[in-house]
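Right, one structure below, let's go through it.
All chains are identified by letter, namely A, B, C, D and E, in their written order; residue positions are counted from 1 within each chain.
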Amino acid sequence: MSSSSSSLHQVPLTIEGAWMLHQMFTFQPQWHALGTAEKRIMLRDVSLFLRDCEAAGNGQTMFYSVIGHKADLMFVHTREEPQQVHHAELALSRLPIAQYWRQTHSYFSVVELGLYESSVKTYKALQEKGLEPHSAEWNAAIQDTLQRQREAMGPRLKGEMPPRRCICFYPMDRIRGEIKNWYSSPIEERQRMMHEHGLVGRRYAEVVKQIISGSVGLDDWEWGVDLFADDPTVFKQIIYEMRFDEASAIYGKFGVFFVGLHVPADQVEPLLVG
Amino acid sequence: MSSSSSSLHQVPLTIEGAWMLHQMFTFQPQWHALGTAEKRIMLRDVSLFLRDCEAAGNGQTMFYSVIGHKADLMFVHTREEPQQVHHAELALSRLPIAQYWRQTHSYFSVVELGLYESSVKTYKALQEKGLEPHSAEWNAAIQDTLQRQREAMGPRLKGEMPPRRCICFYPMDRIRGEIKNWYSSPIEERQRMMHEHGLVGRRYAEVVKQIISGSVGLDDWEWGVDLFADDPTVFKQIIYEMRFDEASAIYGKFGVFFVGLHVPADQVEPLLVG
Amino acid sequence: MSSSSSSLHQVPLTIEGAWMLHQMFTFQPQWHALGTAEKRIMLRDVSLFLRDCEAAGNGQTMFYSVIGHKADLMFVHTREEPQQVHHAELALSRLPIAQYWRQTHSYFSVVELGLYESSVKTYKALQEKGLEPHSAEWNAAIQDTLQRQREAMGPRLKGEMPPRRCICFYPMDRIRGEIKNWYSSPIEERQRMMHEHGLVGRRYAEVVKQIISGSVGLDDWEWGVDLFADDPTVFKQIIYEMRFDEASAIYGKFGVFFVGLHVPADQVEPLLVG
Amino acid sequence: MSSSSSSLHQVPLTIEGAWMLHQMFTFQPQWHALGTAEKRIMLRDVSLFLRDCEAAGNGQTMFYSVIGHKADLMFVHTREEPQQVHHAELALSRLPIAQYWRQTHSYFSVVELGLYESSVKTYKALQEKGLEPHSAEWNAAIQDTLQRQREAMGPRLKGEMPPRRCICFYPMDRIRGEIKNWYSSPIEERQRMMHEHGLVGRRYAEVVKQIISGSVGLDDWEWGVDLFADDPTVFKQIIYEMRFDEASAIYGKFGVFFVGLHVPADQVEPLLVG
Amino acid sequence: MSSSSSSLHQVPLTIEGAWMLHQMFTFQPQWHALGTAEKRIMLRDVSLFLRDCEAAGNGQTMFYSVIGHKADLMFVHTREEPQQVHHAELALSRLPIAQYWRQTHSYFSVVELGLYESSVKTYKALQEKGLEPHSAEWNAAIQDTLQRQREAMGPRLKGEMPPRRCICFYPMDRIRGEIKNWYSSPIEERQRMMHEHGLVGRRYAEVVKQIISGSVGLDDWEWGVDLFADDPTVFKQIIYEMRFDEASAIYGKFGVFFVGLHVPADQVEPLLVG
């Protein structure tokens, strides 16, 4: 295992913020048999739900009309506690409209900031002090680093979703192949690749906002990525440019892509009934 | 990473044109229980929808009867703005016939012209001038190249679909394997392979029209390919010949193939009701 | 790429014959709730459809009762023109029974004779004359070869299906792996492997009839294989023996297998109603 | 290809016995809405069907209640002729209960005894005599070997299923990878591995009965395996131990596992209605 | 095969405890059309079922509300006998609510303690005594070791599920790739990797309880893992940290992850009806 060529601890530090649940729904054929008035009544509940979420103030619920057959609608919930995203899910399942749709996809994750740079720096410092990983002193120093990062990164941990016209969501993994394996490459190599990867993102910072959430042990992929932009062309530009990064070209594995248009609470009926 | 053997910037330039949405529908068993008169009324809406699209003049909507079980019907929309293809999708979902079909597949993409030749030439020239990638001067030169290409390629960016008797649509990727990886092979190599690949296409230019659309960050594959021909034998000939190209033989990965017969607005009822 | 080790043109010549459509249907639970009399009326339409196809004289439609859950029924249509197989499909979709089944699988292809031996011989001869691939003289010589083969192979191009008791249908690909890749192995190697493969088939010629159809660019696999025999044991024998051929052992990739019993028009009701 | 390192014929001999069809059914939600009396009437048909099969004397039909969501019920039919297993399937599809279940999985195969030891011995003997594979003399000698084996193995070819409390069924393949390929390893190697594999099975002979059926050309995997035991712990023990055999560790690829409890004809109602 | 480099017996010893069945259910759209009163009546049956299970005293049945679209509800049953978990499944299928849900996933397994350390030690000792694997003396010594472990591990074999707020369940395999293959690496290597793997688990022992169940020959993956914690953040932490272990990084293959909130019998109605 190549980690033996590195004497550093291999697990990068992360800090976690808001809990996220993406829910994708597809209308059943019966929905399309309903009259306009019946549809309006049920969509009004969706608008009210969105307004209630906004009023509650413990996170956001954004609503999107999804392009293509993969879903008709997508709700993205961020909340302070994990139970709260499930309660949002249960509340939606109790609306009368719930008999007309199916939840065909979903994604459960938590806003995550990966601290590769800080991890390598901290591990090196602790190693020079002669500390053993997982010793009491080591653990205290790590907790200290995490706490300082949490304070510095506070606002980014909320995972605030901007009201841009378009969203692009997809889950991803780092590959663990028989020859190329992200998890057995040395942490300094991974840090270098993540750094290069980050430089691309930074060049697009003005036109696209990005939220990364971690889902190891929570859902079937390792991370979820949300991109928010007014023009979806930038989704293609940033992801295509990143595909040539070593971190993506060799180690990135991507799931299903959902692209949707943002629907504010007062646009639900006009957009979906016409 | 083999890109280190090349000192050039690795990301090929592309220019984008019309937005595309492919929608594939399958009739529910209930459709087949309807009487001929009821079917006719609902199919008339489809004809009207096609005529409205034609009249609107901001793109095309072509309609196909698909061979085999993968779908019964396929609509292909091209529009100037991304919202417009979604509005076409929503308009279809509000027709009464929508309760009798399911949208079982779809593809969201944007007409793309890949500029490998121009990219390598430009990157070499800028490098000789001593410019750094992503510096202000570099960016200005790149924008200049893109603008000139957009002007030169104008008509091709519209992705105009000809009324040929048959269509073949399929999505594709370039592989990122553990040994063979398109995205980590040097840009000059990729340019050479794309050039050879293009020579095959050129020999078939008279009998088959091809539209390439990019979908990185928009849908689950990297590109969508539409071929239009009067005789479907040429779909087999061109794709089989290309399969021996290095770009396809080694790096091509193909999705589901949809083959359909073009149905003009005035043929919808006769074809589907008989 | 290993093709550089061979100076010959790499694309084998093929000639095409009848168009084929395999359609597999599964009954909905509602079918099983119908009374015997209702079932008989609807199955009579299927018998009539089969007789009409026979009377039309532009191809065959064979009907099979499929073993196992993958399908209940399979129709295999051969026709002179591609539109005609789709018209057969549309005609079936308009029968009243269509509300009780779902088309769960299908396969669209065209009878294909691969000419590996003739290709290598022709390419060598043209090369010795100093001709360039795709030059006018080269193209004329190729067309000449194809035409002579079409005349010689005429009857086999019809893809005539014999009324044997059993059918076995499956689609297949030649693999394009990162190490083993059929499409980048030299044409002389592929010819040698196809020749050995053919020898096995020849030893079974008396007990099994085989139809190969090509589907590159038409459906999701590269070829479809139909075997016809009175005793299904021979399906196992021939395919197991072939699996040890280099062409299959290393380069063959196989899809779903459908095995069914032939049902002549006058046996549809007795078999399915009992 | 490694077969060139072996001068022996590579295809192992097999002998075939009873035809097998596994059918797995899942109840539709409507079944659970029926009253107990209605369920009883329909389950009585299943008991009668099982008794009729037993009375017919041309094979067995065993019935299992399957654990987990993959199926509710499994029928395993063995019959002398291939048509007979399909007739059993059609008979079940005509019971009134058929409108309340779906056949969600199935497996079609034929009891197979692989003769690796005898094959290598016979091929060596024929080679020493200087016979060519597939020559008339060779073929006669092979037929002779097969006939002697059929006589010796007679009872095992019937695939008799014992009334043990539990069944475990799964399909499997031998892998044909780019590096490890069962079908291109020399027959003497395969014989050695099959021999070691068999030794494990023999140690469990008292507590588990095993039936191997071949399905190359009949269904989507190469073999089906049925294990019968009173205590399902032995399914785990024998398969886990075998997984460390070279034949399984490196070359085994396994499909879906079905585990069920045997339900004799007189227990169908009590078990399923309660 | 690398096992030849090790002279020890290769199969690790395991001891088995309680039988486990995970059942995941998804409500049909019809459920959402029911009134609150009807839902309450049917959910009361679920509460009663949970209380009956508790009263029976032959194992546990825990109930979870699952986050996301993969399921709405999950029951986890542990029982002393394999038939008993199936009887629990049948009892649930007979509740009136069963017509409103579908069992969309499940997992059948048995609590397993892997004895890598003890296996290597025992095999070495027996080998030094000159005993042959599977000889009578060898078998007696192995049975003796297993019996001593069963007595020592008694309580852990029950697989007692604690009433923590959250559960995380996922199935997993050890990979058998063409290059990296867990099953053909020497038992001493596997012991070393399992030991390191266990050290990570031990550091989380206070905040997460873990139950490992074996499912080779019982279900489609080799093991099932259940984690119980009050805060789901620890699921992400422990699994992410483990992913850098050699045993997981290189040899772990993971299935679908189910995360749910524990619902005690008296909370079923309030949570699901609101």
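Definition applied: contacts are C-beta pairs under 8 Å (C-beta built on N, C-alpha and C of every residue); 3 or more make two chains touch, one makes a residue touch a chain.
What you see is a predicted model; the values in this text were computed from it and never measured.
The chains in contact with chain B and with chain E alike are A.
The minimal number of chain-to-chain contact steps leading from chain B to chain C is 1.
The chains that touch chain C as well as chain E are D. Homomeric contact chain C/chain D is classed as different-residue, with under half of its interface positions used by both copies. In whole angstrom, the spacing between the mean C-alpha positions of chain A and chain B is 28. Between the Cα centres of chain B and chain D there is a gap of 46 Å. Contacts with at least two other chains are made by residues 30, 178-179 of chain B.
Because contacts link each chain to exactly two others and close back on themselves, their graph is best described as a ring. Beginning the circuit at chain C and passing next to chain D, one meets the chains as C, D, E, A, B, using touch as defined. Partner chain B is touched in their complex by these residues of chain A: 27, 29-33, 65, 67-70, 72, 165-166, 168, 177-180, 203, 227, 231-233, 235-241, 243-244, 246, 248-250, 252, 256-257, 259, 261, 271-274. Residues of chain B touching chain A in their complex: 1, 3, 10-11, 14, 16, 21, 23-24, 28, 30, 82-83, 85-86, 89-91, 93-94, 96, 98-108, 110, 134, 176, 178-179, 181, 183-184, 214-220.
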